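Okay, handing you the structure first.
Letters A, B and C mark the chains in the order given here, with residues in each chain numbered from 1 onward.
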Amino acid sequence: MTDAPEKHLSTDSAAAAAVHPAPVVRSSVATDVALVSTFAAFIAVCAILPGIPTPSGVPITLQTFGVVLAGLVLGWRRGALAVLLYLVVGLAGVPVFADGTGGLVVLTKPSVGYLLAFPFAAAVAGLLAGRALRLTGALRYLALVGAGLGASFLTIHPAGIVGLMARLGVSFGEAFAIDVVYWPGDLVKNLLAAAVALAVFRAFPDLLRSRR
Amino acid sequence: MTRRERGPLRPPWAGPLGLYHPGTTVVHRLPAGAKLAGLALAGVAVLLLDGPRSAVGALVVAVGVLLVARVPLHRTTRGLLPVTVLALVLGLYQTWSRGWEVGVEVAAELLALVVLGTVVTATTRSDALLDVLARVTRPLRHVGLHPETAALAVGLFLRTIPVLAQSSLDVRAAARARGLDRDPRALVVPAAVRMVAHARATGDALAARGLADD
Amino acid sequence: MIELDDVVVTAWSPDPAGGADRVVRLLGPVTLRLAERRIAVVGANGSGKSTLARLLNGLVLPSSGTVRVDGLDTATDGAAVRQRVGFVFTDPNAQIVLPTPLEDVALSLRRRFPDKVERLEAARAALRRFGLGERADVSVHALSGGQRQLLAIAAVLAVEPAVLVCDEPTTLLDLRWRRVVDDLLADLDQQVVVVTHDLDAARRADRVLVVDDGLVVYDGDPHEAVAHYEALMGQAGVP
């Protein structure tokens, strides 16, 4: 990332830095592990919270909200790792998926495409958010919303449609019709995720420095 | 689903071993890796084989394995009932739009795989599957993913779920006390900020205990 | 022996007006020699006392100056320092990282006991020593707040550090558990540095440091130090 601390310094604060010695930042493997694990747990909590059942067997849950938020806040690498951790533990049989399910059985369900797209969604959201964060003000918010929506429409929806076609034996048109049901919820979740990400950056500005 | 009405997270959360059913059958004793491979093979086989006959055959085999594993019905039905309903609806829809052969094939294949997946999940401890995973991913240490760090992340993940669930309940109560419980931001923003604060405190604790010094 | 020489700690702080980040001083300059067995640190919220505590095991690194524990520099020998200096936080929820007490204590011991069976046995023994033997296999979530803090302390002491640093270890506890933890800390063989708002506990120490606005403003006799701190807080009024 280009937002190394030095780049933020104006001439004033460079003068202030001359008065005070520059902060020494401890290498943060521990913090990275903790952030990755905690966001993985957050996605699990989002998934376990009751979803809205739909006829296609893929319930509407806050799961994608958690996935996008992980990418926006942590950046592409740690965001994707958080989602991978969540997926792997869930596939191993711990009930962390929607409706309190878990295990390899989810690979056999119609929602498989959506699930497997999650790590890529977090990565794309993180990459796009890195660019969005160079903007300021309302533009920054809109660009973050765009990052979330971009991630979801580049990864989750296409993969989800392929999964539906494979598992339900339906045509592209039919799968697309099932997928469209999730769009309004997706928009709302991304509006919310961008707002939450900005609030988190306000509370912990140094997360902006350590994004990667 | 009435069981959901008691709260956002049924206490206690099914937990790290929630879907495992202890037993001593042949299926239980098979190595986790073998079961994983078997499930993967079944997935490929079902995709390759065409026609309602092989699909029904796969379903019969799957139900046979379920019976041999003696997984009690109430555990399996919790996961299987919604999928069964879905398979029936799907089968009827496909029969109406593409003929009964396709209807039977699609419904039977879906059910067969879900039943097999349920059996593997119910007869294999999560830690055994995670061990398999650790073995398979060991080469990744060359690209900087240390098995010990990964194991720590898994433990931390499982430990953090109830913490966050509790914290989301606290935040909801606080929002309700201020009359803000209809504003999604009043519910989610404090929960997210607390979550990041918790993660950083945990990171400090890991560092303080020297657990990241390897 | 803990030695702080001319230590200053700074941090990046965002400009409230939205401009570039500034450097702010959190602590220092501070020079200290800490050799007493029981040392208490008191100060207002945000005074820098937590930063002082975190310096002692390398959790915070000095921006200038050095911190040494038994001659080991926290900036260059961090891992060795952390084996020597245990750290207990206010909130045990953040400190306990694994789902059950047994696993959590065993995690601390993984370097000392490479063999899993021995490690679990040692972890069980450590839990028994702190009265948590019965609770070794339950979910951490099912423990009471006091039991969790006891577990956090047990996990740190299991590796037998020479120094224990505690950052407000009793702030979240009820009166009963506060006494349990205070008594436990009082009986330890280790050197103990405790940051606290509990002035009674501070008076029982051998030496008390009063921290205000990033500086050690009083250092010495516990009773006089606490009186100095109370006077300081009295004249400060509501911030």
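Throughout what follows, a residue touches a chain if its C-beta (ideal position, glycine included) is under 8 Å from a C-beta of that chain, and two chains touch if they have at least 3 such contacts.
For reference, the UniProt names are A = Biotin transporter; B = Energy-coupling factor transporter transmembrane protein EcfT; C = Cobalt ABC transporter ATP-binding protein.
Remember, predicted model here, so these are calculated numbers, not experimental data.
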Worksheet item: Of all the other chains, whose mean CA position lies farthest from subunit A (Biotin transporter)?
Response: C
Discussion item. Based on mean C-alpha positions, which chain is nearest the centroid of every protein C-alpha shown?
Written reply: A
Worksheet, complete the sentence: A count of C-beta pairs in contact puts on top the pair A-B
Worksheet, complete the sentence: Rounded to the nearest Å, the gap between Cα centres of subunit A (Biotin transporter) and subunit C is 34
Worksheet, complete the sentence: subunit B and subunit C have mean C-alpha positions lying a whole-number Å distance apart equal to 39
Item to complete: Please work out the Cα centroid separation of subunit A (Biotin transporter) and subunit B, and write it as a whole number of Å.
Response: 19
Discussion item. Please output the residue numbers of subunit C that touch at least 2 other chains, ranges allowed.
Written reply: 59
Discussion item. Give the residues of subunit B touching no fewer than two other chains, as numbers and ranges.
Written reply: 15-16, 152, 156, 158, 163, 198, 202, 204, 206-207, 211
Worksheet item: Which residues does subunit A (Biotin transporter) have that touch at least 2 chains other than itself?
Response: 26
Worksheet entry | Residues of subunit A (Biotin transporter) that touch subunit C when the two form their complex | 5, 8-10, 12-13, 16-17, 19-26, 136, 205-206, 209
Discussion item. Quick check on the complex: what are the subunit C residues that touch subunit B?
Written reply: 54, 57, 59, 78-79, 82-83, 86-87, 89, 91, 93-99, 103, 107-108, 110, 139-141, 155-156
Fill in: Residues of subunit B touching subunit C in the complex
12, 15-16, 148, 152, 155-156, 158-159, 162-163, 166, 198, 201-202, 204-211, 213
Worksheet, complete the sentence: The answer for subunit B against subunit A (Biotin transporter) in the complex is residues 1, 4, 8-10, 13-20, 36, 39, 43, 47, 79, 82-83, 86, 89-90, 94, 102, 105-106, 110, 113-114, 116-118, 120-122, 124-126, 129-130, 133, 149, 152-154, 156-158, 160-161, 163-165, 168, 184-185, 188-189, 192-193, 195-200, 202-204, 206-207, 211-212
Worksheet item: If you look only at subunit C, which of its residues touch subunit A (Biotin transporter) in the complex?
Response: 8-12, 14-15, 18-25, 58-64, 75
